[in-house]
Structures are given as C-alpha cells and as structure tokens.
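In what follows, chain A forms one complex with chain B and a second complex with chain C.
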Partner chain A sequence: MRRQVAVVAFAQTRHTAGDGGLQEAEMLAPVIAEVRERTGLRRFGFTCSGSCDYLAGAPFSFVSALDAVGAWPPISESHVEMDAAWALHEAWVRLQHGDVDTALVYGFGKPSQADPRAVFAQQLDPYHLAPLGIDPVSLAALQARAYLERSGATEDDLRAVVARSRASGRGNPFALHLPDPGDTGYDVAPLRACDVAPVTDGAAAIVLAAGDTARGLCGRPAWIAGIDHRSEAHAPGVRDLTRSDAARLAGARAGASGIEVAELHTRFSHEEPILREALGLGGGVEVNPSGGPLSANPEMATGLIRIGEAASRVHDGTAGRTLGHAASGPCLQQNLVCVLAGGGHG
Partner chain B sequence: MPSDAAPGGGAPRPAPNHVLEFPGGYTRSVGPVIGRFLSELRDGRLVGVRTAGGRVLVPPTEHDPATGDDVTGEFVEVGPAGTVTTWSWVPRPAPGHPLRRPFAWALIRPDGADTALLHALDLGEFEEGADPPRPLRTGMRVRPRWRAERTGAIGDIECFRPEVTMIGSPSRLEYGLRPGRALGRFLEGLCEGRILGHRCAACGRVIVPMSGLCPRDGVPTSQEVELPDTGTLTTFTVSHVPDPRAPGVPFVSGHVLLDGAGVTMLALVAGVPAAGVRMGMRVRAAWRPRGEWGRTLANIRWFEPLDEPDVPLAAIGDHL
Partner chain C sequence: MGEPCAVIGIGQTAYRSRRRDVSIPGLLREAARRALDDAHLTWADIDAVVIGKAPDLFEGVVMPEAMLADALGATGKPITRVHTAGSVGGSTAIAAAGLVHGGVHDRVLAVAWEKQSESDATWALTVDSPFTTSLVVGAGGYFAPHVRAYVHRSGAPGHIGALVAVKDRRNALRNPYAHLRIPGITRAMVESTPMLWEPIRYLETCPSSDGACAMVLASEHAARRAPSRPAWVHGTAMRSEPLAFPGRDAVSPRAGADCAADVYRQAGITDPRADLDCAEVYVPFSWYEPMWLENLGFCGAGDGWRLTESGATAPDGDIPWNPSGGVLSANPIGASGMIRFAEAALQVRGRAGGHQVDGARRALGHAYGGGAQFFAMWIVGDTKP
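Moving on, here comes the complex of A and B:
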C-alpha cells in the first residue's frame, strides 16, 4: 500500500528576465525560508534538488546551493541534474520508505548567465546531433512543423496559445509580464520569438509530507494521487514527433482523469496542443492559469513550479483535482505527470 | 516589459567573463555499430542497421529503440537520396550553425530506411531573415553534398540539397522587324515627342498607335491627328513576375485612353503604389530624356498619375 504524500507548501521567486544580481544560493534562500515559515519546519527528513551545472558554469554547483538549506548537523540529501520535478519524484519515492515524513524539494536556474540554447545543445547525442550544431529551438521547430501538418492547426493557433498564456501570466505576480504577441518574424520557422519560452532566472521550493504529518502542516494538503514519468528514444528521427507517447503513458499511469486545472511544462507553444491530446485534457480543462513557461521559464525550476501551481489550486480550494506536468529533453522526450487531489484522498 | 523584437535568442550578449572549454574535446569510443556508420560515411556511403524486427535504423544505434533488443549485425546501404519528413527554417543562423546563410533543418528518411536522419538542408542563397522558401516542403526529395575531405563524422555530409526537379531553359531568337508605313510614321512622331493618330473617315474615332486601318470598320485611314500625352487609365493588371522594362516588382500595366483617342494603348503605369492604382485614374506620359529618344514607343517610359479627379467609369464604359 502506497503512503499518502501531499504537497503542503510551495514558494517561488519573482522571476526575472535577466540577472537580478543574486547568486544561485542567494536567489534560493528566501524561497527556502518561505516554505519553512509556512510549515514551521526547520529540518526535513529528506532534501532533494534539481539544477544544471552547465547553466551555472561550475561543476557540483548544487553543493554550494546547499548553503541556502543549511547542512549541519548532516542532512539526508540528493540531487538530480534535471528539472526539480524529477527531484520531487525522487523525494516521493523516498517518503514511500516510511521512515521519514517530510521532504524539501527545490530547483533553481540562472540561464541568463549563458546562452541556454548552447547549454542545452550539450545534452544532445554526441555522434549524430551535437556535431551538427543544432539547438533546442531548431529541434522544437521540427516538431512544431510535423504537428501543424498532421493536425491541420495553423501558426495563428499557436499564437493564440501564446496570447492566452501571456494574458494569464500578467495576472501572476511571479511571472514575467509580457505584452500580447506582436507580428514578429520567425525565430526558427514555424516558431516565432513569442512561441519560445522566455529566458528567465528563478527558483522554487516545495515541501512534501506524508499522512497525518501533512494534515498537521497544511489546512488543505494537495495529495499526490498519482505520479509517473516516461521517456522516449533520444533520436528525433525514430519518433512520431506529432504525438507524445511518453506524456500519454505517464498521464495514464498517474491517473490523469477528471482534471480541472493543468499546469503544463510548455517551453514552446505547439507543445500545449500535443500535451492536451496526450493527456486527454478536453476543452473544459483550464491550462496554465499561471501563464505557464511561456510567461516565465526558470530552467530546472519550471517543471517543479507546474506542480506547485497545480497544488496551490488545491490548497486554496479553487480546484479539487489538478495536474502538474514537467518535460525534459529534445522534442518532449521525457515527461512527468503528477496528479494532485484535495480532501478524501488522504 | 520585455518584447519580442529580437528573435534568435534575444539581445547580443556581452563578452563572457567565464568560459568553460575542453580544448580538443572528449575522446569517445564509437563502438562497432556507430563506428561502422561513421566509417561508411567517410567512404561516402550511408548505411543503416537492421533490427530483429526487420526495420532499418538510420543513423544506426546498438539497440532497437522500440524494443531495447540488440540490433542485428546486418548493415544496409540506404539513400543517399531521401525524403524530408519534417523541417524547420532558420532565417538568422546562429554562430554554432553549419551554414552562414538561412537554411533548413530537416529530418530526412533515406530511401530504404525506416527512420530519419537529422541534417541541414541548403536551399541556396537567401537574405538574412528570409521567410521559408516555397519549395521547402515535407515530402521534398533531397540528396547529400559530400565533403571532399572526409574524416568519419556526421559532418562528412556538408548538408543536403534538393533533388533536381527543374532546370532553367534560356532561349533567344533574333529578328529584324520593320514597322510598316503607318506605324513607321507614328514612330517618326515619337522621335519628335509627338503622339500621332489616324482619324477614321467612317466612324470618326482616332486610332493610336496608328496602323493605317480602322479595326472596327476595316477601312484604310490616313487623316493624321496629334494627341496630347494625357489620358485615362481604363483597366490595369498587377504583375509579380519581373520584366526588364518595368520599374520593379510588383508593377502595373494597363490600358490608357489618350484624351481625344478612340482606342486604348497598352502601357506601364508607375509613380504610384500598385495598391493605389484605380480604373478611371488620370495619367500623363513620363518621357525619357530627349537625348535617349529613338524610333520606339519606349520614348515614353510609362504613365504617371495626374493630380486630377478620376473619370467616372460610365464615361469610359465603351473601353472597358
């Protein structure tokens, strides 16, 4: 029998479009302080973070970020070189062991310090892809083209996704406040600059707690009703880019049904319709009411923020069943789905 | 607010104050499967590997992505021609990109393969910022351009290029044309900056340029009339195919009814954007400089708008 685990606190920075003058640990510290204050916890049974050394330009950069947590007396700690949504998955697994009841999860990224397109090109297969010099936006545009041709959707449909996301983002104090998409030229066709998530610095933290501990820490815990992640082949040429089988499977395994609000890790506008289809999110599902990554994309925290935003809708009672999604790799290669639910699931 | 003004990754970056670099790069073992692919590439061949299920993977991998099973040891020559399965267009190449001019990225399924290879697709010269060219389509047939000096790397293919589907076919024939009596007289007039017509004795209309006959009555004409170089545009067309005589593309050509004439003359219209041209617009001939005149209608470069109210269509209805 699975232990019931809930998101009991979530905090994020006011994300910035450029370097805010803070080091990673300085950016992170207020967010950690905020979730401590919300929960009254000083120490956690387990701590897990997500970040990317190549964004920071330093090996083991997550170790120095631990200064924001305080690691004395020694703590039980782990790290994923991925979006912190995967750190949350690791923490959830850790809580299933039964010997600890709380976990701190955080992620942070300062892509403004480097060229994130060049950084994430380092993730690509070194034999066939990386030597070509292809960047993640060019890869995403291949997927966008394939999707548009398969579905019959148009570039205007993509722009409508951006317009809706940005309008929502202007209502979110933590997101960048971006104007309605204008008539700009192509970045990499068929994607325009507005179709690409903005370069954003920021951090976020979540506290997970199990069973009665969760009930004691939060009035309306957001219970993790299901969580799963799936990966497809790395090579884009062996996949059907017009669909996301990994998201479909992860959604099915996480029990993604009856969803009222979904926060999707859409780094490019065309990913929203692909993910809606894969996750079976009909027109009645509110997608990215926070503005989503198209309004703020602090790399390595963006996916965790999706889970945090989805949990917040349960915390504040505006939704009973929500979904947080995270993505990684070229062309939606990897997908994580976390279904959150209110009372009755404890 | 940040804006979308600068596609291609935002504002230019300042010079870095911290650089991560591994000079010479990593040394990687490529193994027997990728090694075979790269060795064949060096020899100018494209090969895939067969899976146990019979599919041919290009580029080859050690494991079948569908099942995770080892692939077979069977390598199959594929392509080198292939079909584009999807593409993206880079209007402003970045420093790490393989081409300095706008180009496409494409997933290309080589003939005989079941998967697609990613590579750059060169469609020729384009100005920075150009929109995707029309021939670029999913389904397009392409072939690799091999480098002369190959090392056993994916870059041994410099890029792919479209298969040849069309050729240019220049043609030129030479003639010695003579204008005939009436038209010759008309051209003489043009040499003096005069526009001459013939009045038809039967219907009274002035025929210009004159041909010595009234096209309506079929009777010879000889009564000369000089016409002004102003008139009314009766109808027009906008052309997007370049013409050496026209001011540019798009250009407008139309029928001008010279004041006093009974038939219209075909002419270019310029000095006004194509979208601003109207039926009934008043126009005047723009003559070339006198020193350039010859026995040719080209003495009139084109017609330009006159600052006069348009003529109601009812008044030129016979000429539409």
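Moving on, here comes the complex of A and C:
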C-alpha cells in the first residue's frame, strides 16, 4: 500500500524569452520563497532538484542554486541531472519510506545564455550519432514526418496544435505571450519555427506532503494517484518513432484513466497527437490549458511545471483528475506520467 | 527507513588510466554484467536502473542516461540519473536503495562510472560560472587550503599525509581492481615526489581512472532468494550545505557530521570506532583521512592524525580504513563514492578477497563532493536490521 502523497504548493517564475539579467539562483529564490510562504514551511524532510550543467556552461551549476534554498543548517538533499519532474519522482519515493512528511522539489534552466540545439546535440550517443552533427530539431522532424505519414495528419493539424497552445498561453501570466502562428518557412521540414518550443528561461518549485500533513497544508491537496516513468532505446533506428511506447507504459502503470486535464511536455507540436494516443486521451480531454511548452519551455523545469499546472487544476477545484507528463531524451525517449486526483484519494 | 533493502550483487571493472578496449557503454556494461552474475540474475530481472556520474562536462555527453539506456537494459524500464558532484556514487546507491526502501521496486541496478581517458577533468573542474572568477586549478587547488587549515588547527606533524598514502597504496596491492599499484612504496618515496599544492605531494593525490561500479539492490523477498550472503542496509543519509558563507567550517563541515549522526542513529551506532569493523571513506587527498576521522566522530577534534599515526586505521588496526586502497588508489570520479559503498558491502558479505577484514560485520561507506559540502553515507551489516 502506497503512502498517500500530494502536491500541496506550486510556484513558477514569469518565464522570459531572453536573458532577464538574473543568475539561476536569483531566478529560483523567489519561487522557493513563494512555496515556503504558501505552506508556512521553513524546513523540508527532503529536497531534490533537477537541472543541466551544460545549459549554464559550467560544471556544478546546481551548487549555486543550493544557495537559494538556504541549506543551513545542512539539509537532506539530492539532485538529478534531468528535468525536475524526475526530482519529484525521487522525492515521492523518499516520502514512501514513512519517516519524513514533506519534500521540496525545484528545477531551473537558463537556455537563453546557451545554444540549446547545440547543447542537446551532445546528448546523443557520442560514438555513432553525435558525430553526424544531427540536432534535436532534426531528429524531431524525422519523427514528425514519420507520424504524418503513418497517421494521415497534415501540417495544418500541427499548426492547429500550435495555434491552440499559443492562444491558451496568452491567458497564462507565466507563459510567453506569442502571436498566432503566421506563414513562416520551415525550420527543418515538416516542422516550422512555431512547431518548436521557444527558448525560455525560468524556474519552478513544488512542495510534496504526505497524509495528514498534506491536508493541513492545503485545502484541496492534489494527491498523486499514480506516478511512473519509462525509457525506450536511444537509437532512433530501433524504435517506432510514430508511437511512444514509454509514454504508453508509464501511463498504464500510473493509472492514467478518467483524465479531465492533461499537461503534456510537448517540445514539438507533433508530439501532442503521439502522446494523446499513447496515453489514451480522448477528444474530451483538455490538453495543455496553460499553453504548454509551446508557449513556455524553461528547460529542466518544463516537465515539473506540467505536474504543477495539473495539480493547480485540482487545487482550484476545476478538475478532479488530471495528468502531468514529462519527457526527456531525443524523440520522446523517456516519459514520466503523474496522475493527480482530488478528494477521496487521501 | 521503510522496507528492508540488501545488496545482493556487486560488480567492478578494473580501474586503469585508459580503458581503450571499451566504449563508455561497454565500460558500464562490464560492471553491470558482473553485478548481475554475482546475484545470479539476468537483465530481465531488473525493475529499474539508477545511474550516477560526475559533471557531464567531463566526457562531454549531456545527460548520458539517454544514450546508456540501451546498454543497461533499460528499454521499457525507469532510468534515473543522479548528479551530486563527487558524492554522486554514494547518492546514486542511496537513490537506488530508496526505490527498495519505498516499496516501489524489488530489484534495482545502480551503476556509477567515469571514463577519464575520454575526458579532461581538470579542465572541466576549472571552468567556472561566467559570473565569478576562479583562481582554482583542479580539485587539489581547491582543497589544499582546507588541509593547511587542518594542519594549523590540529598541530599535526607534516608526515601524516605520507603515512596515509603509503597505507592505502599497500592495501591496493591486495585489491585486483585497484589502479595504482606501487610495490615497495615507502614514506621516503612519497616524500620525494613533487609538491603540487602545499602540503599535498604528488603521491598524496588520487589518480585519474577509467572505471565503473555496479550493485544490485533488492527487497527482503528478493534477497532471500539470492545465491550468496547479502549485505543489509542499516542506514542511509545525505546532507548538503552551501558552498560558502561566513562561519562555514570547511575543515570539518557540519553537513558531514550531521550526515554521520543520522546514519549512526539509524544503525544504532553510538561509538563508530568500536561499533564498526571497517570503513571505506572518500579520501582523495591523503590528509583527508585524519580530517574525516574527526568529522565522522571516530575520535575527538584534533586527534585524527594521532589515530592515523598509531596505526589504528591500518588493516591490522582496530578500525581499518580503506582496506581496498581507497580513492587514493583508484579514482573514476563518478564511481568513487559507489566503490566505497560497494567495498563496505563486500566486507560484510565476506567477499573482499585479499583485502578482507577478518570478521567484518558492520561497515561504513562514505562519499563527499562539491566543496566538501555534499555528503552521502550508508552503513551495511551482515544481518537484517
């Protein structure tokens, strides 16, 4: 029997499309202050974060962020070099031990000072793939082409995903406010510039709490009804790029059914229909009402924000069962699914 | 603490300056395969994989768990990448053990590595954030002032570092995996080597190694079916403190002392020197042995060097430290912490071969990282807690 754990607070920066003149720790400090204020907690049983050294161009970029936490007296703390959604998973696991009741999770990324396409090209197998000079957008374009051919969907269908996401994003004070997609040329065909999530700086923090502690900290805790993550093979040639097996598996294991709202980590427009299919999200499911990553993509926090946005819909009572999804690696290689639910799951 | 967790398989690669015969995935697979063989398991028996390494800038592969998923049999499974600087090998083991303690999985593969021959660690450690100026070259340049402060504070005589260097290198001769093998090493030999960062001489530093270490961690149910004696996890702890602020004691960081206190409390240890049979402690520069003896509560403040000088930490002393030869004898950075944890487990399983401490029943594994600000520790024993 799993211990009941809930998202009890979520805060994010007003994300920016360019360098706002802040260091990572400066971006992070206000959101950590905000979740502390909202919960009244100064100390947490466990702290876990996610970030990527290469985006900062320096090793140990998470060390300076620790200063934003104010880790004194010393704290029980760990870090994943992944999207902070995986830090949330580690914190959820830690809360399952039963000896601590609260956890702070945060993620941050400042890709505006780097070249994310060049950086994430270095994520590929260094012996066989990276020397080809292929970047993440080119790989995504291969996937998009394969998906369009398999499904019969058109580039206009992708454009509709972008238009809907951007319209939603304009209603979200934390997202970038991007115009309706115009008739721009291809980035890497069939993907146009608007099909690619924008370069965005930002940070986010979530507080998890268990059982009665969660009930005491939040009027409507967003209980984690299920959480799971799965990987696929790395090499794009050995998997069916038009489907996401990892998302399907993670969704099934997390119990992704009866979902009303889903926040999906879609770094490219074509990923939305692939993920909808893998997660069994029918037409009635509202996808990315926050605008999603196509409206704001602060790398390493983007996945955590999906869980936070999904939890917010439970917190404010506008949905009873929601889903937050995070992705990592080229062509949706890794997928994490977190199902959140309101009352009755405590 | 949650559900019981045990180490049922351990695999290490030979640690060498250059493993040109294997790629990075090949290196990890070698360690993982040996851990699986030790546990009499196959890849299909593993529920989840947790990997750890030091900064991505070392080998220049960003978030390498993606490209390693195939080699580690992670297709269709969860794989997580931990990064907590030099303590990462220990943190990786703890994150993997956490999946068992939390009742989430039955068998978890933990792997940590570094392939320094395909990297430039000194360069990667010297690059600093564009917002600050660094006058530090490599890890030794950073830690030498802390060592000088220790010598000044404790009044330790100048030869203590050399004693540790000789002891650990002699231990390494009994460990087939160890990288540095210096038959006939003596204090005079260590003291004749060049001074790199006062008071740290060349032979008082760790080598740059290629290597990987892997463990299979198992639930009680899975451990009962293991073919050989498991090492039971009696406690795990991690502590972090900020890199710098006025009042931080870099010689004996509070995070280290708090981490030790936490893990001792979990394991029911009140006097670590008496209650533990041996310890594998992260000592990348020889002087860190006396410093950590004090920080970990094996003696009072200022007495660490006396303990070292008395021979208490030698293989025939009352509390052997680093019977494997330690980080001073093999340092694949990202793996070094996990090697400490794994060697502690080997000792209580009675499977440490030529460097076995007779009758070891409880052992400490210790790792530290960053600017001596991140700590990870576990205590393992031969009985279920």
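Note that the second predicted complex is superposed on the first by the 346 of 346 C-alpha atoms of A that agree within 3 Å, B and C clash if a C-alpha of one lies under 4 Å from a C-alpha of the other, contacts with A are read in each partner's own complex, and residues count from 1 in each chain.
Definition applied: contacts are C-beta pairs under 8 Å (C-beta built on N, C-alpha and C of every residue); 3 or more make two chains touch, one makes a residue touch a chain.
Note that this is a predicted model, so its numbers are computed, not measured.
> Based on the superposed arrangement, let me know which partner A:W72 touches: chain B (first), chain C (second), both, or neither?
The answer is second: A:W72 touches chain C but not chain B.
> In the overlaid three-chain picture, which partner chain does A:Q4 touch, first (chain B) or second (chain C), both, or neither?
A:Q4 contacts neither chain B nor chain C.
> Where does A:G329 make contact in the superposed view: on chain B (first), on chain C (second), on both, or on neither?
Only chain C; A:G329 stays clear of chain B.
> Look at A:P126 in the shared chain and tell me whether it touches chain B only, chain C only, both, or neither; answer first, second, both or neither.
Both partners, chain B and chain C.
> Based on the superposed arrangement, let me know which partner A:S290 touches: chain B (first), chain C (second), both, or neither?
neither
> Touch test for A:P198: chain B only (first), chain C only (second), both, or neither?
After superposition on chain A, A:P198 lies in contact with chain B alone.
> Using the superposition on chain A described above, determine whether A:L241 touches chain B (first), chain C (second), both, or neither.
first
> Between chain B and chain C, point out the one touching more chain A residues.
In the superposed model, C touches more residues of chain A.
> Regarding the shared-chain residue A:T102, is it in contact with chain B (first), chain C (second), both, or neither?
In the superposition, A:T102 contacts neither chain B nor chain C.
> Between chain B and chain C, whom does A:A233 touch in the aligned arrangement: first, second, both, or neither?
After superposition on chain A, A:A233 lies in contact with both partners, chain B and chain C.
> Output the chain A positions appearing in both contact lists, the one against chain B and the one against chain C.
54, 57, 126-127, 129, 233, 235, 238
> Over in the complex, which chain B residues touch chain A? Could you list them?
Residues in contact with chain A: 1-10, 13, 18, 20, 26, 28, 30, 34, 38, 57-59, 61, 65, 85-91, 94, 96-98, 105-107, 109, 115-120, 129, 131-132, 138, 153-155.
> What does chain C use to touch chain A in their complex?
Contact set of chain C toward chain A: 1-2, 23-24, 54-70, 74-85, 91, 94-95, 98-99, 101-104, 124-125, 127-131, 237-243, 245, 253-255, 258-259, 262, 370-371, 373-374.
> For the complex, which residues does chain A have touching chain C?
2, 23, 47, 52-54, 56-64, 66-67, 70-82, 86, 89-90, 93-99, 113, 119-120, 122-127, 129-130, 228-235, 238, 245-246, 249, 328-330, 333-334
> Would you pull the chain A residues touching chain B in the complex into a rising list?
Per the stated touch rule, the residues are 17, 54, 57, 115, 117-118, 121, 126-129, 131-135, 137-146, 149, 176-179, 181-182, 184-194, 198-199, 233, 235-238, 241.
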